[in-house]
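Both complexes below contain chain A, partnered by chain B and then by chain C.
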Partner chain A sequence: MNGYLAFLKKEIFEYVKTYKLLIMLMVFTVFGITNPLIAKLLPEILESLINDKGIISLPEPTAYDAWTQFFKNATQIGLIVMVILFSGVLSSELSKGTLINLLTKGLSRTAVILSKYTCMVLVWTKSIALCFVLTYGYTVYLFPKDETSNLLFSVFCLWLFGLFLLSALLFSAALTKSNYGCMLITGIVVVACMIMNIISSVHKYNPISLATDNMGLIMNSIEVSSLYSAIMISCLLSLIFVSLSVVIFQKKPL
Partner chain B sequence: MDWVMLKEYLPFLIPLVIAQFTLSITALIHVLRHPNYRFGNKVMWVLVVMFIQFIGPALYFALGRGEE
Partner chain C sequence: MGVLEIKQLYKRFGHHEVLKGLDMDVPEHSIFGFVGQNGAGKTTTMKIILGLLKPDSGSVTVCGEKATYGGSKTNRNIGFLPDVPEFYGYMTPMEYLKLCGEITGLTKSKIKSKSEELLELVGLKGEKKKISGFSRGMKQRLGIAQALLNEPKLLICDEPTSALDPVGRKEILDILLAAKGKTTIVFSTHILSDVEKICDRIAILHGGKLALCGTLSEIKERRRHNGFVLEFENEKDASSFENAEELKQPSIGLSRNENTVTVLLPDHDMDGHLLLSVLSQKRIVPLKFEVMEPTLESLFMEVVQ
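Let's look at the complex of A and B:
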């Protein structure tokens, strides 16, 4: 436990010093501010482009458009930036050999893996919370009349999908030596989930539906209860991935 | 863009401008203080960090920053 806390502190310090925390927070801040703004301005931009034709009338933007932008940006660019930044989570320390000293002095390998996972989860939580608060504030400011439903639950689903992705990332980092291998295996996990999503009966249990059904939740076209099994499966898979990476890392030669 | 519109979007522009400036200034200080890069040289990174909004500093910290 002591080793876990000490290593967690070191991890947080590392993210600050390597500017990874700064990049994550800035990327999500920029998204948070621009999501409602783009939703508001998109009709005007389009209108100025197709001005000469002049017949097409575009619908007034609503809060739904802002949240569409939020879930599009957070799930696409946000998650990709996160995976790229965290892809060196184990490989950088293994290649530099900085971990060997600590491990020979009695730090357990389980503590290393668990504190790395905790730190990644902390950074992800902070970023998504910041992005959500900014988008929420500006959406209320720009579209004060629009009502949305299940907003917090929908963001919670996205957060949970991030947790699942991070556990897959940790698992692939434990499997491979380089950060490219890590990115590749994480990508394969996501693509596998997407392919499975084609089968409609799997959709209910697929973790990726946590990241694709958000807009349906907000517009009330998808029942909250329909996602419970996907939530259960994601938690279970994350647990399995983290424990597998602990087992693999125990046996990994340094 | 007339003045009324500009005023309407000021609450958006100010935080964005602040974010952009903090990013590029931290990156610029880092570029000037640590003259070892994984690739490229100082002039290139200064230009990238100063003139490519948001993506430039992120690129520098993710790819261009050399080891200590």
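Let's look at the complex of A and C:
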């Protein structure tokens, strides 16, 4: 427990000092502010470009467009930035040998894995919360009349998918030596989820539903209850990935 | 009982068998020089002691407790200094020692007092620079400070001086000597003069086993040849001594290099008296009459060849 807390503190300190936290927060702040703005301005920009001939008139933007931007940016660019930033979570320490000193001080390997996961989850939570609050504020300001449903639940699903992705990332990091290997395996996990999504009966249980069904939830075209299985499976898989990481890392020659 | 006991340790990497039944016993409060060529298995042995590598068979006992692979329980009695210690570059030495202290579970006040004491010992007191700006020697010194932080019963240093300049080397050796009273030190190296300077016991690792082990004087005594070097004033004296009837025995090794004659006597019942009597018989007074001392280097070369 001592080791876990001390190492968690070190991890947080590291994310602050190496600007990783700052990069994550900045990326998600930019998304948070631009999501509603792009939704509002994009039709006007497009119209000013093509309206000379008056052929197309675009529909009025709504809050839905702002949230579409939110989920698109967060799931596409946001998660990719996160995976790239965190891909060196173990490999950088292993290749430099910085962990050796601490492990020979009696720090348990389990504590290393658990505190690393905790810290990644904290950074992700902070980033997505910041992005959400900013998007929410601007959306309410720019589109005051539009109503959305299941908004918090939808964001919760996305957050949970982030947790799942981070557990897969940690598992990949424990499995490989380099951060490229780590990114590769994480990518394979995501692609596997996407491919399985083609089978419609799997969709209900597929963790990736948590990152693809968000707009459906907000527009009420997808039932909240239809995602319960995917939530259960995601939690279970995350738990399995983290446990496997602990077991694999325990056996890793350093 | 020794602080560190290794029994029948085997380890192979692929087809390459590095350790072939290593036995080693390190008594308390010694500075134990662990000598061997590059690739002899010194680092492998240390990593197994620390539970960072899995041995194929054999056991390691630290302070009476068995060390296990992947575990870190026995490590609380050990301080380890890797050959090239690496730290988090964004921290200052104080911050780093604080992290180490928290991991070992020291109290806040203890961490503070101990860190200050150790930074003073290694000459980094008041260093506010981040570790990323440190020279290799400074990192090595900080490495010793972190290794001594939990007051270990056993300090393991993996080639602490190999990468340093003469000044840095002397500093590290002095620090290790100063730590001697408080802890047992196992210190691997291939720089033999360092061993002669500070170690009271040595072990030479060769072919996956200990080829030699004991205190420095014991080993030298055991390996002492009955060898003598005589230097004469001129060639006439030298050749007259060399051609003496008494020395014309097949078991006596004689070699001459200008005015210097080296004599190797086969065993202990023949000793220097024989040579002295030859000298007095021939009425020759040599310029120099010297008993050959084995150097650690000659011992090492002998063992390794």
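Heads up, the rule we're going with is that the second predicted complex is superposed on the first by the 254 of 254 C-alpha atoms of A that agree within 3 Å, B and C clash if a C-alpha of one lies under 4 Å from a C-alpha of the other, contacts with A are read in each partner's own complex, and residues count from 1 in each chain.
Everything below uses one rule, namely that a contact is a pair of C-beta atoms (placed from the backbone, for glycine too) under 8 Å apart; a residue touches a chain by one contact, two chains touch by 3 or more.
As the structure is a prediction and not an experimental result, all values here were calculated from the model.
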- prompt: Does chain B (first) or chain C (second) touch A:27, or do both, or does neither?
  reply: first
First (chain B), second (chain C), both or neither touched by A:76: neither
When both partners are placed on the shared chain, which of chain B and chain C touches more of chain A: C
Query: Given the touch rule stated above, what does A:105 touch, chain B (first), chain C (second), both, or neither?
result: second
Message: Quick check on the superposed pair: does A:84 touch chain B, chain C, both, or neither? Answer first, second, both or neither.
response: first
Message: Going by the contact rule set out at the top, does A:220 touch chain B (first), chain C (second), both, or neither?
response: neither
- line: Both chain B and chain C touch chain A at residues 18
Message: Going by the contact rule set out above, which residues of chain A touch chain B in the complex?
response: 18-20, 22-23, 26-27, 29-30, 33-34, 37, 81, 84-85, 138, 141
- line: As the complex stands, chain B meets chain A at residues 9, 11-12, 15-16, 19, 22-23, 26, 30, 54, 57-58, 61-62, 65
- prompt: For chain A, which residues count as touching chain C in their complex?
  reply: 2-3, 5-7, 9-10, 13-14, 17-18, 96-98, 100-109, 250-251, 253-254
Residues on chain C engaged by chain A in the complex (per definition of touch): 47, 50, 52-54, 70, 72-73, 75-76, 78-80, 82, 84-88, 90-91, 95, 99-100, 102-105, 143, 146, 149-150
